[in-house]
Every structure is written in structure tokens, then in C-alpha cells.
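After this come two complexes, each holding chain A, first together with chain B and then together with chain C.
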Partner chain A sequence: MTSLLELQRAMRATLLSGGEKSPPELLAGIIEGAVPAAARLGVYRNNVLGNLTGALRLTFPAVERLVGPAFFAAAAAHFIAAEPPAGADLYEYGATFPSFLETFAPARALAWLPDVARLEWAVNNALHAPVAPALDAAALAVVPEARHPDLRFVAHPSLSLLHLTYPARAIWEALLTADAQARESLLAAIDPAMPGSALAILHNSEGLTLLDLSEHAFALARALLSGQILAEALVDASPETAPALLGGFLTQGFFCGYRSADHPSPIASECTQ
Partner chain B sequence: MPGTPPPACPGVAPIPAAAGIGLRFPHHEAFLELRPPVGWVEVHSENYLSGQALSVLEAVRADYPVSLHSVGLSLGSAEGLDRRHLSRLAALARRVAPGLISEHLAWGAVDHDFLADLLPLPLTEESLAVVCRNLDAAENALGRQLLLENPATYVQFRHSTIPEPEFLTALAKRTGCGLICDINNIVVSSANHGWNAQRYLGSLPAASIGEFHLAGHSAAAGEAAPLLLDTHDRPVPPAVWSLFETALALIGPRPTLIEWDAAIPPLPVLLAEADAAATRLARCTPTTSDDLAA
Partner chain C sequence: MDRRTFATTVLGSAVGLAAAAKLTDASAQMMKLPPGANMAVVKENMARAKKYHLVACYGINAVGRNDCAAGAHSCAGQATIARDPKSFVLLPVGDCQKIAGGSLKPF
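Let's look at the complex of A and B:
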């Protein structure tokens, strides 16, 4: 007789198979009654696909508006079969959906689609990241200034930095406009050939926050968040603008702690998850 | 580890033998504004494990007893539990101090793939041992008893050897877990497998039942007809109300939940369903603390 593990593996294969025929030995093990075994399994296949498509739909509403519900469902079905979620925390599902869309042949004509998806993933992360207090300038004051060059900042868990090729922020904002007419006219006004932008996306004291960053600001933020010490991160930064940029990052809540050899900051456990 | 699970932590607001509602995202705002007179609230744990939604749950919890109902523990997984998910659930439970924590007799994960559905188990000695082991691990991590819900199923395996109510009874006996008696699931599964719903109900161990669930279902179309589907997308139908009345007479009053998860109506519609459950609960023998402790 099949072990429970073997049965569960066979069920997974058939439920993720996208409607292909289930193996005869699995079907033969199901009591039919008035309804064929394949139709009984089909209820679960629809549930799995429907629930996971629903999870992606919640995270990527602008992508769905851009391509329409039928196209979205088809793309989601391919993605789900190739990359089912690794755990029950479905708000973590879809990190690789943007790169999947990049390789999904039917979507190739919409070159800006993956950028919109990247933006939505960052928004999803900002909303679902652990709620952690931001590091403020006062907390830094306990470190003697001479030690500042050695500090390593810890990114706030809600923060993403994105460098987008296409004007995805404008497209995203237009797509999520509730009024259909206003949405269409906003979309019509966007030239997809316009340059994209560098963005910081996070949840701070103001709520969900999207900030356009200059190239300088983006480079500095990325250097700081890559784990470099402050002195290294500042090597390529302009000495005139860097202090103000760093002050801005602190005010906006980009960090939730710092590490330093001789002045360890008490970093909230939410920061390190 | 069989026997009595550890007592609930201090600060827990027990769930009364009254009508409660399943609180879903579309009702967050209206619920906090209206503060309706429901006895308690149940939420799906997985929706509040991190991020901003948790603050809504904490605001609700300040004024209402809360029950955490999980859909993702996959207690029937042959390979055991996802420890990361379990520790997140335990952290949520420490924070919310729920009156009850519950899950389903089902599985949803294998080889680290999560299938996001409550999938059916063959009801065998092997499955019983697996679910007992996983339940023990979950109860140890949560530091308290779980309630396990009878599932709505569309598939029965030929190699099953244990009828579902006996399987649930054995689980309660071996692990000390409690049970949710989902009346709608009994109606749905009985229709799908040709069971006698009254007999199913009568075979459950009344003393282990800590909660009733009520919901609506729909009829499958096409090749899956005449299966009933556990869709939670409409009012509680007469067949479910009628079996609920039988359950009250057999088992006695218990916390009773109205679940509505798809085609979610305005909050007042859900509250009217809870009122209809409350009316039936009130007709039942008056509740005593002994009943609740049973």
C-alpha cells in the first residue's frame, strides 16, 4: 500500500499539473460513487490554483489591471506550477513573480510589466514586514563622533530600494486609481519610453511611503545597506551632499539599528528577521 | 505526549458559548467603527502573522475575546510541521492571548511545497500516528490545547480504515486536543460521500467539542455535480441550521461561529446570521461554567 508521504507527493504532482490527467493508480485509490475520481480531485485542483492565484492577485493588483484578469490567471497558473510557495505565509509568496514575468513569452510586448511587478512586491514587503522602530538621530548621539566611520547600518525590514528602467511608479499610481475614466486618462498621459527612476519604498511613521531618489541618493543608500561601514560607503559619495542625504535617510526611517565594534546598539529582534 | 495540555496563559479572554463572527479584511474598518455586540471574533491566524494587519487585530482584541483559527499548519503532513511557521504562530499567540487556537484535520504541504488548501487524508493508523505526532508538536510549541476541525472533503481513499468521527475521537483521546464540530462540513461531506449526517454527529465525543462552525455551501457544476462545495459564500442554509439544532440538543451550547469567506456581504448581514445562531443557542439549556469546562 502507498505510504502517506508517497500519496501526498502524488497528490501534489497532480494538483500542480494544470489539468493534466492524474495517474491511474491515484484515481483507482479514490472511492467514486456518483462522481468520477478525476472530478473529485479536480475540486482540489481548482482550490489550489484559485487560492494561490488569489494570493498573487492580492499582491499584484496593478499587474492584473495592466494585463486583465484572464491573462493574469494564465500567467499565475504557469508560475504556480513552476514555483509553488515554500510555506503557509502566503504574503511571502511571489518574490520571483516579477522575474518570471520577464521570461513569460506572452508578456514580452509589455516591457514595463516586470518593473510594475517589482514595485508591487516592494509595496507588499513594506506592508507585511515586521513592525520595527526606526533608528533616529538621537540614538546615534551616544556613539562618539570619532567612531561614526566604523558604523554599519541595519536596513529597516520594510525598506526596498529599486532602480526601475520604466516609469513604473507613474503606471502603478495610475493603475490603482479607483475611477476607471481617470485611470484611463492618467495611463494615456504616460509615455512608457520615459526614463524610470530610483525609488525607496518603506513603511515609516507616515505609513506606506514611496520616495524618488536621485542617482546620488540611491547609490549612497545602496552602499550603506550593503553592509559596508559608513567610511567605505562614503568613498564614492559627494562630501557636499552626503551628510544631508544621510540625515534624510534617518528621518525617513531607512534604518532600524546599527552595528559597531565597540558600541553595539540594541537591535530589535524584528530588525534581524 | 498524551494527557492534559498546559493551562492557557494569564490574560486570555475565554471564548463564551455565544455567537461569534469570522472577521475578514473587508470588515476591519466597519467592525472597529461599529463595535457590534458579538460575543467573540475568530480570525485566520495566517493573515496576521506579520506587518500592519496585526495592529487591527490588537485593536479588536482589546474589546473582544479572539479565537485564532489556522489554515496552514498542515497537521496531516507525513514529514512533520514547518517549524518556522509554527514559531510565527506561537509568537502571534503570545501577543494576542487568544481564547482558543484551532486547526483542521487536513494536510497542505509536502517537500516544502505549500498547496494552500485543506487536502484530505486517508484515515488509516499511519495517518492517525502522523496527526497525533504533529498535534503534540504544535501543542508543545503553543503551550496549550488546540481544537481540531472536521474537514469538508471531496475525496475518500479506498485504503481508509477508520470512519472520520472515530478518527477524530481517537485524536482527542490520544492527544488531549479539543474538537471543532463544523456543522456545514458534516452536511457537505455527508452529501459527497453518502454518509448519514445525524449518525456522524452522534458519533462525536461531546465532551471534546469546544466550538461549532456554521457556514454556507454551494453545488458543484459540470463533472463534479452533484458534489457540494464548502464555499462559505452565502448564508447558512436550512439543512445546516437544522443539523445545528440537533447538535445543540445532543452536545449542548458551545461557542458558535459564522464563517463567510467569499462574496463577503456587508457586515450587518453577517451580524444577522450571528443573531440567528444566538437565538438558537439561547433556546438551548442555560450555559453554566461546568458546560464550558466540559
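Let's look at the complex of A and C:
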């Protein structure tokens, strides 16, 4: 007699193994009928694989276009066996797929593939992040000037900052072009050796937004969101560009709030979920 | 100018710029278009990509992603034999070949 825990573990191992063989103790617990026990388990196994592959497909459509459906399904099967979901919500599944692709030997010829996957994950995150209003610049007026240097900005939940080696944005945009002919000519114009880019991906009042950032802007955005206070984050910033950049971040909705905790009476505008 | 004064000045000007929506300046500083990129084309691509992604993924997966595969497509869901995609030789055959200079050999 197996315990429930043992049964669940055996079931999990069988479902994720992708193989045909099921442990006899598991098969012994399944009532045979018109469909044999092993075949019944097979239905479960294929459903799990199909479900998870489908979820990855929906999050990484450009990756699938790049490598084709068969290759994608195979890569997904390896990934699912190696890194099954940690939670029940499949919107959150696939965060580590980009780094998996980096180590996936059959994809090594496509050096830019992980960067395209990273971009797609950031887009997925922007589309499914909790809805939070952006920090309005006018709201900062309530903070006394003496406390400005101690402010820490809180990133909007939809925001990702990516520094990509390859021109993943151009590849992604070309791949998602619906018209096949336009897609081909866009793809043909891409040289993978083109410089990559620093990107901000977020969901703001304009909807899904991708911004190409200069190295300057990227460094400043990263410093501001690293948990440092404003005075520290601005150490490497230039007086000429910093005000306009920070103004731009505010208008684009990079932040959802701020904290100022280093004072006797903390000031905080927390992000609402 | 010390760090604290600098921070105060920068934030003050930033809030001023943002409030006055002097976006042209701020955006010009922030945006760095790829060399040779045409702003109109970039915008159009962006609009198309958004539309495609929202239609192809967001709209459908919003209802479908956490569903059971058997409910969505019963044939595939009820197959009892594993396809075992691990056993065949893997070769990417998608649009990667259409990228100029896109080598299929290891770099």
C-alpha cells in the first residue's frame, strides 16, 4: 500500500518523464477497463505536456516562429522536464526559458535566440503585471525639498529593463509582422551582428510600450531602481541630461511610487495592486 | 554642488519638465533609434507588433492558458502515445533561416 505522498510523487515523475514506462506500483492502482492502465496514464502525460507547451507557445510566439513548431515543441519538452512549473498559474511559467535556451545545445547556432526570448518574457510580464497607476510627477510636490535626496523610487510592476547583446527588438518586430512578404523583407534586412540595445518594456497609459534607451538613460534608470537613494543613484549622472531623463521616466510611467524611510517620519507612496 | 543639492536640483527640474509635458526634450534624450531607422517605420512596426501580440497572445491566452488541453483540443489531448520529441534530430527550421547572415552553424 503506497501513501498518498508516494503516489503523488510517482504520478508527478511519470507525467514529467515524457516516456512510455510507468512504475508498476502506479499502474497497479489504476482500474483497468476498455482502456488499459498505461494508456490512461498516457492521456494524463500528454495533456500535461500539451498544456505546458501551449502556455510557453503563447508567451514566446517569436521564438516559435524563429525555430519552427517542431523544434519549439522539442525544446519545450526538455525545458518542462528540467524545470516544471513551481505554481499553478501558467502566466508565471517560463521566466527561466530564456536562460534554458542559452544552454540548450541544439539551439546554440542561434546565438540571438535567448535575447529574443528575454524580450518576449518582458513583454509577457508587462501584459500580465498587476495594474498599478504610475507615479504622477505632481504627487512629488508633497515631499519637502529637504527629503528629495533620500527618495527611493519603486519600479512599476510592469517595467523590465533589458540590456541585449543582439538586435532582438528588430528580430521580434519583424517576426510578429503579420504580412508574410513584409516579414521576409524585414528579416532579410536584419544583420545579427548589428548592435543590441538597451530597452525599457512596460505597460503604461499608451498600452504596451518598448523604449530604446541610450546607454546613459539605461544606466540612470537602473541606478534609480536599484534601491539606492536618489542622491546616490545620481552620482554618475550628468547635470545636462539627468533632469530630462528623470522627467522622461516619470512621464513614461517607470515608477509607481517612492519611499523615504531614512527620516523620523517616513514618507511613502506605495504601489497599489 | 554636493550630491544632496544635485539630487534636489535634478528632481525639481525633472518634475517641472514632466509637469509641463516638455516631452520632446525628455524623449529625445531617452530615445536612441537604431542607426538609419526611420521614425515613422519604427512607429508603424510598433503598432503592428502590439496589435499582433495582443491579438495572438493576450486575447486568447487570457481565457485559454490555464485551461485543460483536453477541453481545448480533444484529439491531441486524448492521445495515449507519447510523441517523444526528444528522439529525433533537432534542427531549427523556422524563420531563423530568413535572417541575413543568420548562420545555422555554431558561432
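Criterion: the second predicted complex is superposed on the first by the 260 of 273 C-alpha atoms of A that agree within 3 Å, B and C clash if a C-alpha of one lies under 4 Å from a C-alpha of the other, contacts with A are read in each partner's own complex, and residues count from 1 in each chain.
Keep in mind that, in the parts below, a residue touches a chain if its C-beta (ideal position, glycine included) is under 8 Å from a C-beta of that chain, and two chains touch if they have at least 3 such contacts.
As the structure is a prediction and not an experimental result, all values here were calculated from the model.
By the touch criterion defined above, A:234 lies against chain C but remains apart from chain B after alignment on the C-alpha atoms of chain A. By the touch criterion defined above, A:91 reaches both chain B and chain C.
In the superposition on chain A, A:82 contacts neither chain B nor chain C.
Chain A is touched at more residues by one of its partners, and among chain B and chain C that partner is C.
In the overlay built on the shared chain, the residue A:42 is in contact with chain B and with chain C.
Contacts of A:187 after superposition: chain C is touched, whereas chain B is not reached. When both complexes are overlaid on chain A, the residue A:59 reaches chain C alone and has no touch with chain B. Residue contacts after overlaying the shared chain place A:243 against chain C, while chain B stays out of touching range. Shared interface residues of chain A (contacting chain B in one complex, chain C in the other): 35, 39-40, 42-43, 47, 51, 55, 88-91, 127. Of all residues in chain A, only 1-5, 7-9, 11-12, 15-16, 28-31, 33-44, 47-48, 51-52, 55, 84-91, 127-131, 203 touch chain B in the complex they form. Only residues 1, 3-4, 6-19, 21-23, 25-34, 45-46, 48-50, 52-54, 56-58, 60-61, 64-70, 72-73, 76-86, 88, 90-96, 98-107 of chain C touch chain A when the two sit together in their complex.
Residues 46, 49-52, 54-55, 71-74, 76-79, 82, 84-85, 88, 107-117, 119-122, 124, 126-127, 130, 154-159, 192-194, 220, 222-227, 229 of chain B are the ones that touch chain A when the two sit in their complex. Those residues of chain A that touch chain C in the shared complex are 18-20, 35, 39-40, 42-43, 45-47, 49-51, 54-55, 58-59, 61, 64-75, 77-78, 88-91, 106-111, 113, 123-124, 127, 137-138, 140-141, 145, 148-149, 151, 167, 170-173, 175-178, 183-184, 186-195, 197, 207-208, 210-214, 216-217, 229-232, 234-235, 237, 239, 241-252.
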